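One structure is given below, represented as structure tokens, and several questions about it will come after.
Going in written order, the chains are labelled A, B, C, D, E and F, and every chain counts its residues from 1.
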Amino acid sequence: MARSDGRNDDQLRDIKLTRGFQIWPAGSVLVEFGKTRVLCAASVTEGVPRWRKGSGLGWVTAEYAMLPSATNTRGDRESVKGRVGGRTHEISRLIGRSLRACIDLAALGENTIVIDCDVIQADGGTRTAAITGGYVALADAVTWLGAAGRLADPQPLSCAVQAISVGVVDGRVRLDLPYEEDARAEVDMNVVATDAGTIIEVQGTGEGATFTRSTLDRMLDLALAGCAEINALQTAVLAEPYPGELPTPKAVKS
Amino acid sequence: MARSDGRNDDQLRDIKLTRGFQIWPAGSVLVEFGKTRVLCAASVTEGVPRWRKGSGLGWVTAEYAMLPSATNTRGDRESVKGRVGGRTHEISRLIGRSLRACIDLAALGENTIVIDCDVIQADGGTRTAAITGGYVALADAVTWLGAAGRLADPQPLSCAVQAISVGVVDGRVRLDLPYEEDARAEVDMNVVATDAGTIIEVQGTGEGATFTRSTLDRMLDLALAGCAEINALQTAVLAEPYPGELPTPKAVKS
Amino acid sequence: MARSDGRNDDQLRDIKLTRGFQIWPAGSVLVEFGKTRVLCAASVTEGVPRWRKGSGLGWVTAEYAMLPSATNTRGDRESVKGRVGGRTHEISRLIGRSLRACIDLAALGENTIVIDCDVIQADGGTRTAAITGGYVALADAVTWLGAAGRLADPQPLSCAVQAISVGVVDGRVRLDLPYEEDARAEVDMNVVATDAGTIIEVQGTGEGATFTRSTLDRMLDLALAGCAEINALQTAVLAEPYPGELPTPKAVKS
Amino acid sequence: MARSDGRNDDQLRDIKLTRGFQIWPAGSVLVEFGKTRVLCAASVTEGVPRWRKGSGLGWVTAEYAMLPSATNTRGDRESVKGRVGGRTHEISRLIGRSLRACIDLAALGENTIVIDCDVIQADGGTRTAAITGGYVALADAVTWLGAAGRLADPQPLSCAVQAISVGVVDGRVRLDLPYEEDARAEVDMNVVATDAGTIIEVQGTGEGATFTRSTLDRMLDLALAGCAEINALQTAVLAEPYPGELPTPKAVKS
Amino acid sequence: MARSDGRNDDQLRDIKLTRGFQIWPAGSVLVEFGKTRVLCAASVTEGVPRWRKGSGLGWVTAEYAMLPSATNTRGDRESVKGRVGGRTHEISRLIGRSLRACIDLAALGENTIVIDCDVIQADGGTRTAAITGGYVALADAVTWLGAAGRLADPQPLSCAVQAISVGVVDGRVRLDLPYEEDARAEVDMNVVATDAGTIIEVQGTGEGATFTRSTLDRMLDLALAGCAEINALQTAVLAEPYPGELPTPKAVKS
Amino acid sequence: MARSDGRNDDQLRDIKLTRGFQIWPAGSVLVEFGKTRVLCAASVTEGVPRWRKGSGLGWVTAEYAMLPSATNTRGDRESVKGRVGGRTHEISRLIGRSLRACIDLAALGENTIVIDCDVIQADGGTRTAAITGGYVALADAVTWLGAAGRLADPQPLSCAVQAISVGVVDGRVRLDLPYEEDARAEVDMNVVATDAGTIIEVQGTGEGATFTRSTLDRMLDLALAGCAEINALQTAVLAEPYPGELPTPKAVKS
């Protein structure tokens, strides 16, 4: 049974990474996984949160959100509802955790980098796109800090980070699910991996169904192969010079 | 004394209106006033809020927000703070009021259109850009409703709406202030006008200074001329066919 | 077409300013515009908000609110709803901005004055009454600070501030609208002015209608004449000695 | 040891009850216990809260609040803090419970009366003033409902309600404590009673001290005598005709 | 008319106090009044709240809450509702006030003890059980502080504290009401007393009924006798050695 | 390197399941994993949430929370903070998802079961204990519904659900981590499985470290073996008759 967009089961959607999308943040990347578009901005602040002060360690955190107009049916704003929902919290924490896995916070020095991942258009896989694009924005912000002479140590990034979704749809294990497949998937899994092929995070869920150990193995195979492909794209795009002028964000003491 | 971007006192920044920026909303416009970029999306819902039910009248409302990464110094998310700030509320109300001035809510029928104005990049004049782009998104949403046979009356729009800022900077009355001028303006005014040259809203404030009646007159002259120019751009862009496929938003009962 | 209360189009309602209405605040004024009654209290605190400390500058801010019983139909308390509404925020900001326009914050020294404007009874024009009464309360608080030897400079007030509403009702430009006229006005405008005849703030809105430049001019004429009349009342009432004993508010470090 | 205001230990402060203080609510009473001033407004709504619908019973509830300017040191607004404090909640519940004790909710019919008690000036005993004034406002609202033919039964009030504070100060049992005494009282008690001399509520608290059964007895003696005096005042003021025109509140379906 | 559980009118339910119920807090007591079960934990923190710093005085406060599953019909969580309800606030304040009456805060030194009273199962009298068990947990926490050499003075507890409910049910004055009686009581009273027979707090309320002075006297007789019985239980249980190992809570600077 | 509690790497802590811990909920289980103690209560309500009405399907959801006194250092209440934290939300969602995987919501009929998981004492693994105990409480609630003749179909449970944690500590893969190991684990994973040996959820995270595919495989081996052991305990405890009387919860229409 073919996929509605004609892809093979183990095939990624078209992935694009556009650096320098905004002028103020130290890193700003528009990432596209097919029709899914997420704006990932890495903002640098001098200093760290209060509970970290004087530790010599930096801090990296992430906030994920969805524009109301990003989804097929308009979603209510969390600012208007007055609270951040459970799903939003969960994804923000996942992105932050994943990106902290690739950075040496001592080398970063007492700087804070916030990765804002705002979904402009949603069509499945927004959290994996956010991690993938967030890494590139983080890399640009680290380069910017280095150029400004504000790193404690020249190379704080220890690996590159990518993420991809995989699932069981129509009884078949498939890679990089768009919304239409995600909504009816029997099993849904997100894998965050590094350029060394190691794993940072695995989250797999049976949606009204359970799955066997061998299905899990097959999903991991596809996901890790997908992450390797995505890493090649990240490497290529980061090899290019920064598009336009380097940003000059105002570093404010936290 | 020249303006830092080389413009004349009565000259607008480059203004661009990109229709069809997103695929889901019935209207979606990226509006640019120089470096200021606002994404204006018009989402259509069948039905109206509870307090309006059975009236036969439609409803148009707006919500304005700023991405954390849109400003020079990263701003905190209002969803995380748990409340919408006073400035955000004030601008949302202004946009909604301004756009309701151009639409016959009886002709709209019992449909709700929400205009989401999300600032992607801020460099002064975000509220006037939002009104200007919001009008174009609203026009596309109304066309879409008409094509779907869901209007009570074929032509609910009675006029076109534009807005521009004007102020006193360095002792001179100037049009369309970027952030750098806005931050040190002695007087700051926003004018919302129609293609008939009439006024929908005037909001002028002395910032640590007061102003004379004749300064007010001069500001109105510049602003109304600016609005006329902007209207020409709106007319031109709306005369083009809709870029790409027409959106097919899912109309959900409110 | 005559006004329902028999006034001429350019005539104010009866305006009363009662100083010393409460015993604790440094200034406390009950202002009445016809049936509209607003209690304006100016409370003095030693010190300034954290973001201002060490600047040598004082701070003036305002908070506006409505008693639930002030309106024809009882309104819900914002404390119970758990958030301050958009309209309340907007008016509080307007009052604060207007009163800061008349005071030299360096001369005030590092003192904070909060102007609380609580509407006891609403019948249109509550924000303009609040600004008008708030100025008198502020003037009394400044006098009190001077008597206590706590001003950095003897005369921080640079002008007097008044406000009035004006609008188009039944096709006619009218001054100082009561609720009955305000509710059906086609255009509604508030003007804040000084005793020098200059303008601090202009906010004019078409309510489901637009208005011409010449209507705007006529509204400004009426409003500025009204402000001049109100200023005469302020001057007269402030020329009288303080009624009763001077208040002895407890100055608490902020 | 004499009281600072010259009263005997068993003497009330001057108590005043001004009916018809506001024009919109069905009952509106300014109550004064010495310098303490509370505005008690009884607003009538047709219908009852959802959980009561169809029961044939009415509902009476109360909300207590303090203006920021009512106290010696300005208090923060609960609307700005975003939550109603514990003390406010506690007093609101006490007032509502006390006033429900005197009314037959079946006779009231499916009407809701909200008693808003807003403290204009605080000098001790605000909750007992609120109950005392709230009863008079409630009585006027009930009369108004009767005149409008909206009661299920002609006489829903079964008794009159008063309240007074009593405490141990300087080792002596004293009646009706002003703030200066209340702040240093060893024991603090509030008693709510009826014109029949029975008790609705007793709340006595040792403040950093405990008290004997005989002290409790002495406090009850004074409080019940005080309540009888207050009841005489209520009776006298309610015997007068309603001052000015009867209010015409708009009855809105809940 | 007999009580449904066969008790005499002046008879307590079975009361049990289990010390050392949890391993982390310095005091942890499961208190049972019949089927009512409340977990009272006394947690010690070094330091005091900001407004108390440098005073040399300690602080004792309490927080009361109900598990959703504690009641016959499941209750919603206050964390999910986003605000602590009025009843919860009121009871938390009562417990804190009652327990502060027995402790010399200067002798406690700059330590904070929080008494968490979480209702595991509710069957009437949860607040009186919480005060009774809270006292025992507080006593254990004070002993623990003494053993750690962290008291300013060896014996900060000046008395023991107990509480009990009493009411009028079926026209009879009865002690220690279970839910079934409490729900239909005409009068409901809670008394907090000390081992010296003195009173800390009395709260009596007519529930849709008023009560005479002689009923009040009879209720006080029963309640004070009940408190004396409870005190005997507290004394006995505290005379036993601490069950299991002494807790080793981590004292964190506040 | 030995574990501090003497267990083998693949050994569970002592696990206890006490049914009928509370009297009101239809199912109530105290689950203990070593010193970790979680109270799992399954409350039944007739009807389903609004968005599900008329679907013929039931609903199962879960809420997780921690008593302030459950942890070594006292935690602040989320009700007092006014919002449910990200971690709490995430775990609540995990428990709900896991338990919905074992129940046929059509067979349940339009009933709602809420599983409240309140942590009484925390020592690592609270979420896995909650799922394990929550399943037993759910099973008792389903039996209770069946006995009451309120199931649409006699056997809605399709499998049993267990969960366990596993991680890499001191370079070794270990099962069922107590807090002391969890806090310094390099990798942390939770596995939710069924009595058929299939998987419902896998969540593995590198904590400042990444892990290889083969480590993942070894963790899965241990976790699935642990789940099988836990299932044997669940089966044994559910085979016993219900302790004490069957609960008689009041079924309230939602």
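Methods note: a contact is a pair of C-beta atoms (placed from the backbone, for glycine too) under 8 Å apart; a residue touches a chain by one contact, two chains touch by 3 or more.
Chain-to-protein mapping (UniProt): A, B, C, D, E, F = Ribonuclease PH.
Given the structure is predicted, the values throughout are model-derived calculations rather than measurements.
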If we look at chain D and chain E, which chains touch each of them? none
What's the fewest number of moves from chain B to chain E, given that each move must go to a chain touching the current one? 3
For A-B, which listed pair, E-F, D-E or A-F, repeats its interface with over half of the contact pairs the same? E-F
Are the two sides of the chain B and chain C contact the same residues or different ones, given that same means over half of the numbers occur on both copies? same
Starting from the mean Cα coordinates of chain A and chain D, work out the distance between those two points in Å. 59
Between chain B and chain D, what's the gap in Å when you average each chain's C-alpha atoms? 50
Hey, what residues on chain C touch two or more of the other chains? 82-84
Draw the chains as points, connect those that touch, then say whether the picture is a line, ring, star, complete or other. ring
Beginning the circuit at chain E and going via chain F, which chains come one after another? E, F, A, B, C, D
Sort out for me which residues of chain B touch chain C in the complex. 83-87, 89-90, 92-93, 97, 100-101, 159, 189, 194, 196-206, 208-213, 216, 220, 224
So in the complex, the part of chain F that touches chain E is made up of which residues? 22-25, 28, 35, 39, 41, 43, 45, 63, 65, 67-74, 77-84, 88, 114, 116, 118, 120-121, 249-250, 252
